[in-house]
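Below: one structure in structure tokens.
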Amino acid sequence: MFARVSNLALKWTQNELKARTSLYDSVRTLKQIKIHENEKQIVVEGERIESPRKPYLVKPPPVADEKASKACPLCRLDLKRLDYTDILILRQFINSDGTLMSLQDSGLCGRKYKLVQTLVNKAQKCRLLPRPPHYQVYGPWDNFNTYYDWPPRYRDQPMRVIRPEYWK
Amino acid sequence: MRGRVVKPSFAVPQNYYNLYSFGTHRIQLSGFTEQPFYNGLGRYVCQLQRVTFKFCKFGGSSKGVREFIETDVVDFSRQHPGVVVYLKPRRHKTPIMVTEYLNGNSHWMNLRNMTKSEIKLWLDYMRTRSGEPIKRYRKKIKTEWPSIQGPWNPFLNMPSFVNVTDLPNEQRGAFISEKKSATQQLLEMAKDGSLKNILKTNVSQEDKE
Amino acid sequence: MSNLTKFRRTQQWLTFARLWYLYDATYQDVFDSAIVIAQYLRGMNKPIYDHVRQDVGNHVVVINTSKVSMPVDEWKWRMYSHHSRYGGGQTWAAAHELHSKDPTIVLYKAVYKEVGSAPRAVNLIRSPTMARLHLFPDACIPPEIKANICDQIRQVQPVLKSLKDYSEEEVEKFPKIVDYPEDYVVK
Amino acid sequence: MVQLTQVLCKYMPKWVPRFRGSNKSFMRKQHLLSLCGHLYGRKRNCFRIARRALYRTFEISQDKRREKKVFFRDLFTQRINSACAEHDLQYKYFITILPQLNVELDRKILSSLAIWEPRTFKSLVELVKAKRCEEGIDEAARNATPPAGVITRGML
């Protein structure tokens, strides 16, 4: 965790740091909200369930430098050219309804979290990932296939060609 | 270029001059070296078909032609039986020679004040021609077999499976990216075992206990 | 005996054969694929290409033009002008309006511009070349055209797969990078 | 204005009438008109107009001779480009790596090889691919699989 002392880390309390370090050691158990209704009363309880896809959880190879071994998963994997098209990776950082997990939940460092945030937004705009419930759709042009090209090629700038009053 | 070239309109009629063309590149006839029917490959056939000499019996300019006729014409025709020689005396006309070839071309030539030996040389020159006009050669070489391995064709480098599979075909049409994407890198790292699976390590610890 | 024997005549037919190419435009950029299509239409994919003496152009059959893609927001600001040749008859339509009206117009116009961009191509070469372009909004092609197709043009960019396109098993087996934190509530 | 027709027609055959006293002006005009056969309208018939047009053609052909070299070089480049694309190799790699293999062929010969001797051209392309895989400069080269049938120095 201390591989990079990001400003976020300073705000966390000691036990949270301890919680983050033991990220890989044991299998997590999740809580799910269960609502039971019978004639008189409604019971809401947090039920513990297994975290899904257990056999496929992977841990990057141990690194000699002790501090680096505790770095955030994406930094340890150092995948080159992580792009908005790698949705099987990005999918693991979003909730079931499509919104991005918070920084603490995602277990990423600040820099990688920002990168994943932009990539998830791009993927949602190109409709590769499911869009969150109240996603702002401005017009019919959002429903067509789009992609982000890098470096951006500004092909013949139409806005300079067409008179302003015709800009719908 | 609008229409064929206009030949110089001198006193001479048009169709006699067609074995020569001169002037700038655009005007000249251009082409490749050609032999009629691979002449000389199997055997050599003299392309000269007939020669007509027009001369004046008394004129001074036809003196050379008259001498040539007295001495050399008979020997020439004995040596070259395939060539027909016509002698046409024309009073008060300049001496000319018209040679016609097997491919239909003909050539007019003025023999004014030429000596006997000069006419002999010109006749030999005209005899050994192929009847093709003198041109500007676009290429100095010409071959009947330009390609040994067979010229290129669209189906040469096309893989054979394309004939069999019905298109659109994934393998033939998909985009080939030179660089691996992050997903592929992760899958390869997982496959070649460089990513240890946590659960396996945990299981081994429990076995040990 | 002329130079052109039977063998040489058929050899010439083979070399100058006019092929039919197929192009799958799913998730391909309109203008990049237009460049590639224009090249194939004019026969610039052949080493015997010569823009003056012989026309070595091919036919190109484009399928799935409705699934064609453009860079972000270009559907909105890419404008197409039209003029009814009467006074004040100039109108503009955005790409998404045209595309929803007729899915083949956007690609047709892109190829139209690209074919005409070659030197001295506009008057003579463009109209016969464009006649060799066949656009289909979806994957179904008339059988007589499908019988002619002999090769496929490689796409210009990867087809982006959304989460729905991945098979259930693929998603399941993909390595999981990090687990949920302690007592994380599944939203 | 310099009278050029005399110079141009110095290869005239022997029997064509010469520039003599009586027919001097007629012959001079006819010679010039003989060079304007490919022009249009009065430019090929009337002497004073034909002369100006003829000198104009000389200027144009002077530039065209320079342009022709550029035009044909681009055409050869385009042909090699499409021939390489058929073998899934980019033109820039082909044209830069060939000289390193001491294959100093220019674009004219390479394009004629691509048309008339396609097998030879294919072997040249595979030579380049093998060299690229061997050096592995960029990531694409490292990922590419070397073509079979190319014998390099270490193999024998």
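The first chain written gets the first letter, and so on, giving A, B, C and D; residue counts start at 1 in each chain.
What we mean here is this: a contact is a pair of C-beta atoms (placed from the backbone, for glycine too) under 8 Å apart; a residue touches a chain by one contact, two chains touch by 3 or more.
Since the structure is predicted, the reported quantities are computational estimates derived from the model, not experimental observations.
Engineer: Between A-B and A-C, which chain pair shares more contacting C-beta pairs?
Structural biologist: If we tally the contacting C-beta pairs, A-C comes out ahead.
Engineer: Quick check: how many Å separate the C-alpha centres of subunit A and subunit D?
Structural biologist: Roughly 59 Å, centre to centre.
Engineer: Need the CA-centroid distance for the pair subunit A / subunit B, whole Å please.
Structural biologist: 71
Engineer: Taking the mean of the C-alpha atoms as each chain's centre, how many Å separate subunit A from subunit C?
Structural biologist: 35
Engineer: Just the number, please: Cα centre separation of subunit B and subunit D in whole Å.
Structural biologist: 17
Engineer: Could you tell me which residues belong to subunit D and also touch two or more other chains?
Structural biologist: Within subunit D, the residues that touch at least two other chains are 83, 86, 114-115.
Engineer: What are the residues of subunit C that contact at least two other chains?
Structural biologist: Where subunit C meets two or more other chains at a single residue, that happens at 46-48, 157-158, 174-175, 177.
Engineer: Can you list the residues of subunit B that touch 2 or more other chains?
Structural biologist: Expected reply: 150-152, 176, 179-180, 183, 186, 189-190, 195.
Engineer: If every chain is a node and every touching pair an edge, decide which shape results: line, ring, star, complete or other.
Structural biologist: It is other, because the touches fit no line, ring, star or complete pattern.
Engineer: Subunit B touches which residues of subunit A in the complex?
Structural biologist: 24, 26-27, 54-61, 77, 79-83, 85-86, 88-89
Engineer: Using the touch definition up top, name the residues of subunit C that touch subunit B in the complex.
Structural biologist: That would be residues 1, 3, 11, 14-15, 17, 19, 22-24, 46-48, 63, 139, 149-159, 174-175, 177 of subunit C.
Engineer: Name, in rising order, each residue of subunit D that touches subunit C in their complex.
Structural biologist: Checking each residue of subunit D against subunit C gives 75, 78-80, 82-83, 85-86, 111, 114-115.
Engineer: Given the complex with subunit D, which residues does subunit B contribute to the contact?
Structural biologist: 1-2, 4-11, 20, 22-27, 109-110, 112, 146-152, 156-157, 176, 178-180
Engineer: Along subunit D, where are the residues that touch subunit B in the complex?
Structural biologist: Of all residues in subunit D, those touching subunit B are 8-9, 11-17, 30-31, 33-35, 37-40, 44, 57, 61, 83, 86-88, 114-120, 122, 138-140, 143-144.
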